[in-house]
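Here it is, the structure in full.
Chain naming follows the written order as A, B, C and D, and within any one chain the residues start at number 1.
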Amino acid sequence: MPKLSYLKALNRALGDEMARDDTVFLLGEDVNHALTNTTHGLLERFGPQRIVETPLSEQGFTNFATGAAMAGLRPVVEFQIPFLLLLVFEQITNQAAKFRQMSGGQVSVPVTYLLPSAGWRKEWGGQHSDQPYSLFAHMGVKTVVPATPTDAYGLLLTAIRDDDPVVFFAPIAALGVREDVDHAALQPVPLGVGRVHRPGTDVTLVAIGHPVHDALAVAEELAGEVSVEVFDPRTVHPFDWAGLAASVARTGRLVVVDDANRSCGLAAEILATAAEEFALAAPPVRVTRPDGAILGAVPQLDLALQPSREQIAVAVQKVLKSTG
Amino acid sequence: MPKLSYLKALNRALGDEMARDDTVFLLGEDVNHALTNTTHGLLERFGPQRIVETPLSEQGFTNFATGAAMAGLRPVVEFQIPFLLLLVFEQITNQAAKFRQMSGGQVSVPVTYLLPSAGWRKEWGGQHSDQPYSLFAHMGVKTVVPATPTDAYGLLLTAIRDDDPVVFFAPIAALGVREDVDHAALQPVPLGVGRVHRPGTDVTLVAIGHPVHDALAVAEELAGEVSVEVFDPRTVHPFDWAGLAASVARTGRLVVVDDANRSCGLAAEILATAAEEFALAAPPVRVTRPDGAILGAVPQLDLALQPSREQIAVAVQKVLKSTG
Amino acid sequence: MPGKDLYRTIRLIRRFEERALELVRAGEIGSGIHPCIGQEGVAAGVCAALEPGDRILATHRGHGHLLAKGTDPRRLMAEMAGRSTGIDAGRGGSFHPSDPDAGVVGATGTVGHSVGIAAGVAWALARAGGGRVVACFFGDGAVSQGALLEGLNLASLWRLPVVYVCENNGYATTLPVATAVAGTITGRGEAFGIPSRTVDGQDPETVLAATAEAVRRARDGGGPSLIEMSTYRFLGHHTFESSVRLRYRDEAEVAAWKERDPLQIQAARVSEADRARIDAEVEALLDEVVAYTLASPRPDPAGGLDHLYADAIPVRAGVS
Amino acid sequence: MPGKDLYRTIRLIRRFEERALELVRAGEIGSGIHPCIGQEGVAAGVCAALEPGDRILATHRGHGHLLAKGTDPRRLMAEMAGRSTGIDAGRGGSFHPSDPDAGVVGATGTVGHSVGIAAGVAWALARAGGGRVVACFFGDGAVSQGALLEGLNLASLWRLPVVYVCENNGYATTLPVATAVAGTITGRGEAFGIPSRTVDGQDPETVLAATAEAVRRARDGGGPSLIEMSTYRFLGHHTFESSVRLRYRDEAEVAAWKERDPLQIQAARVSEADRARIDAEVEALLDEVVAYTLASPRPDPAGGLDHLYADAIPVRAGVS
């Protein structure tokens, strides 16, 4: 079977969906020259009415997308750097995401915000490595963080077809991931449905985005001593609580890996919900970045702040030993 | 003893600190006419170099404050509506808050962002009632949410004197709170130090901002059947984990009230940390707004979404009955 | 005959807001309102230049915009009073109404951001063909908002069919234009290559003529225009002003502007008889509007989470 | 004698970046860099008009800005290579360097936002007295960023001592100015009442003269100015461009601009002998710079959370 890379999956999903539905169009910076590679070949294929190069006016074109969506189109807005989502945070969370409710359900705002470079950008300094997906979940905006090429393809299709704003985080660290796929079998992946990448009986190890691959590696590594179930929610909001509950019901133990700042992050939400609703045989453990961590210009400093496989392994062993 | 209202405490703190330190100045919209009342009388007292009226250019004047702070002044930036903090979210979290680290500790950015109207604004529609303090905590920005006039006074002094950016949330629902105070006794309140408003032995009830007063009312109401300790962290980041640990060590049970959206909110962080680190005799409970709640234009709809005293009471009784 | 229609629209807006003020005092409109009394000539004149298929973006001071575009006054008042019969089932209120059926896209609370939204709507209309245009209202306070300026650049770059209407009423809440705007308002449009002019916003027919010219340019593919309408609000920024003492405008200035009341200016162009008839019709309609509003039910409290999402995704309650 | 000093500065920047490119290829500067080769005349000319007490805000293409303002080349290169001896202890890197001692406030990664920051710095300097000014650099890509336009309005409203320097090198990454900028760059300044002009950014002495005039106005309380410098980057947007095939500029255009190399233009104004001496001094200095950089230690990984806050607040680790 042919190999599909995560980056190519994004490019293919955009192309397939634009071909299927001509209300879909993409706008962003340097998209004509496919700087991020997601739009590679699309300008030639669909022309400048569908692939729209924008100035550095993120708030302006985010509002523009809101308007185009309210008038019946399905814009995909590409952002080059995580902080650009912070720059348009108000336009997404307080405007695009609120018009439906403020109109009593009359207005739809089907915009996809595509960040093909979430998380750490090695050595690019303190302003290029944020991982702000939990912020959108707090504000109630649909948010996905796929870990694999097939999930990236399927969730991008679903995000574009969804009638609400959806923020799509593609982790830089996952862009190179390749997978054997039967292209004909590629299909939409529903929002809010997690995925058990590896079944297990002793511990549920939750990971989202690129740490899924670290989680799988650790599970494999520890296979001799412990049976680890790797659960990938894939969607941050709405979250697959039923899926996680089922997994934890099987294992009774919980570890969450989240390569984002600790306070009020996704891992916090998962542990909080587990503490309220799940029966745990041992206290759950989070492996995250520190509070307010800023990943900067020196890799050895940054790496000391990011969740490591060793930390994950230690956390798994810890929840196994302890009892609630 | 004279009564001090929360709003007057803000006004007094600004006046006292501007008198004490002439590097302190305030900028914002309609501040000359003290639309929010926080600047009442200050223009007359300190003149237009210290009370600076701005156009509707929130990003511009937030960046302006960053520059003024890097050049040695201590700006206080007032915002009229919660969503304006979302509008400048990037300028605060990705710029003001990162310059110190990116400069290797050479640059200080002592700016205070004052929101004298956090939370629900009755009937003002879907874009005026956000409560986004957990977002700043996730990004590592110092954030306070005082519940009483003396804490508002003391924390505003501290925020202005702090050498880092500090976001100050004054809940609309607390602005009318009045307290008997000896003005001479008013003093700075340190960041990251919580306050036990009411000691108790059976349950720790954590509340921040205006819900503190609901928590106290519920504690009083239930006094016959249960001894509730009301803990107010006062600061969202840095959080007083030691203080909360000590309280929970006494009570063994935990309920958190947070009038903010549920997912990835402050209440989630508190439950997550408790689940990891505290010994609990029963599963903890959160009382929050629903996921992604938007408080809108119709009070009866909004009130159904906000934490109620009844919900708090039920939660307290629930953690008492259940065992972990 | 436009003269009469303009008069009717202005009269309707004026009396609609006067009745709304009564409902504010009666506590039926809890949010209070941002009255546009004194500025009705802009809403009436601009919308008179539009076709039903055209769209508008309104502001927080938007009752006039909606009424002039054709929103049912009954359902607008009901919306302002938080009734489930309102144009947005009570979810928009006075501040954030939208009325797709009448071509009212919405009124975002983020001042100035309607400019970029309008550009997006115009892009979609242009792609669909049919020469429809968008009229986008904003105030003088909006012209120093970055997102507005970004939106003007996009609209001009892409030659989008938008008429940008700046209602310069001299103040943003308490802030005088002079202390907020370096340079000029029309200069901001010109900076992005947008034909920009200032006209008398108190004369409804002047407004109509200027807008008609801009609309023609837009329909013909000539791109956006910006028109600064010199106008004035006769009342406070918001009804709360009656309860607080804000002294940012002097009596004389207010009085002078009241001499140039768009209602009077347009009335003078309509015959005694026509005016009497129109006034009577408007009064009858507004009695019906108020009756309809007060007779309408309030939304069921159980519906607080309605319309959050397009599909039925699980939304967890605040307590589990 | 400015001619010689300008030549020295330009020569230093050119050779510094050429050596930096070697360190990029050697993997010592992991971020890669945004080379300013071809634009050195702007940095040199602007900073030659400034006093030590004046401040600048640099950009992501900022090595020239810092060197021209007086940053120690050893510690700048060490910073770019992530060494603890760097001007920011390795925390700023090539993209976000600040050097308070040399008057370099910083270089925010948010394109265009330096304009508002510069206004705030200028406000503080003006309040302190002494006639100091701020020079704020930004690119053509920044001029459609709303926060930049808001910043221009504030600087003009409050007559702040800032010289806004737009380095128009024709492209924002791959985006040509013409497809991004409706209207003109100077028109954006004029919209806010800011004296704005375009000059030849390839001629260092033209840049110096234009800047000196603007600096004089600023020192005299005349408020901000905007100068658009027509220039060109001879290399790619960022060193990664050498690895990817981006065809957004044609060979002929690049070749034509290389005919107008600021280094050559300024060299022609300096005697053979002086040039030889300056070149030799610069080479010697850069050997030292590279040696210093390579000999410098990398930060201790334990310090990842250093400098997060001014005080020692408890910062929890990623695992408890």
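Odds and ends about this structure:
Everything below uses one rule, namely that a contact is a pair of C-beta atoms (placed from the backbone, for glycine too) under 8 Å apart; a residue touches a chain by one contact, two chains touch by 3 or more.
Worth saying up front: this structure is predicted, and the values here are computed from it rather than measured.
Seen from the C-alpha centroid of subunit C, the farthest chain centroid is that of D. With centres taken as mean Cα positions, subunit C sits 35 Å from subunit B. In terms of their C-alpha centroids, the spacing between subunit C and subunit D amounts to 45 Å. Once the centre of each chain is set as its mean CA position, subunit A and subunit C turn out to be 39 Å apart. Across the assembly, subunit B contributes 54-55, 57, 59-60, 83, 87, 90, 94-95, 101-102, 125-127, 140, 238, 263, 273, 276-277, 285-286, 291-294, 296-297 as residues in contact with two or more other chains. The residues of subunit C that reach two or more other chains are 90-92, 96, 108-110, 144-147, 149-150, 153-154, 157, 179-181, 308, 315-316, 320, listed in rising order.
In terms of which chains touch, the assembly is arranged so that all chains touch all other chains.
Residues 29-30, 32-33, 35, 53-60, 81, 83, 87, 122-128, 262-263, 285-294, 296-307, 311, 314-315 of subunit B are the ones touching subunit C in the complex. Contact residues on subunit D toward subunit A in their complex (touch as defined above): 30-31, 82, 90-96, 108-112, 141-142, 144-146, 172-175, 179-181, 246-248, 298-299, 301-305, 308, 315-320.
If you check the complex, the residues on subunit D that touch subunit C are 144-150, 152-153, 156-157, 179-184, 187-188, 190-194. Interface residues of subunit A, counted against subunit C in their complex, comprise 49, 54-55, 57, 59-73, 75, 90-91, 94-95, 99-108, 110, 140, 142, 162-164, 191-192, 238, 241, 273, 276-277. In the complex of the two chains, the subunit C residues touching subunit A come out as 55, 86-92, 96, 98, 100, 105-106, 108-110, 113, 115-125, 127-128, 146-147, 149-151, 153-154, 157, 306-311, 313-316, 320.
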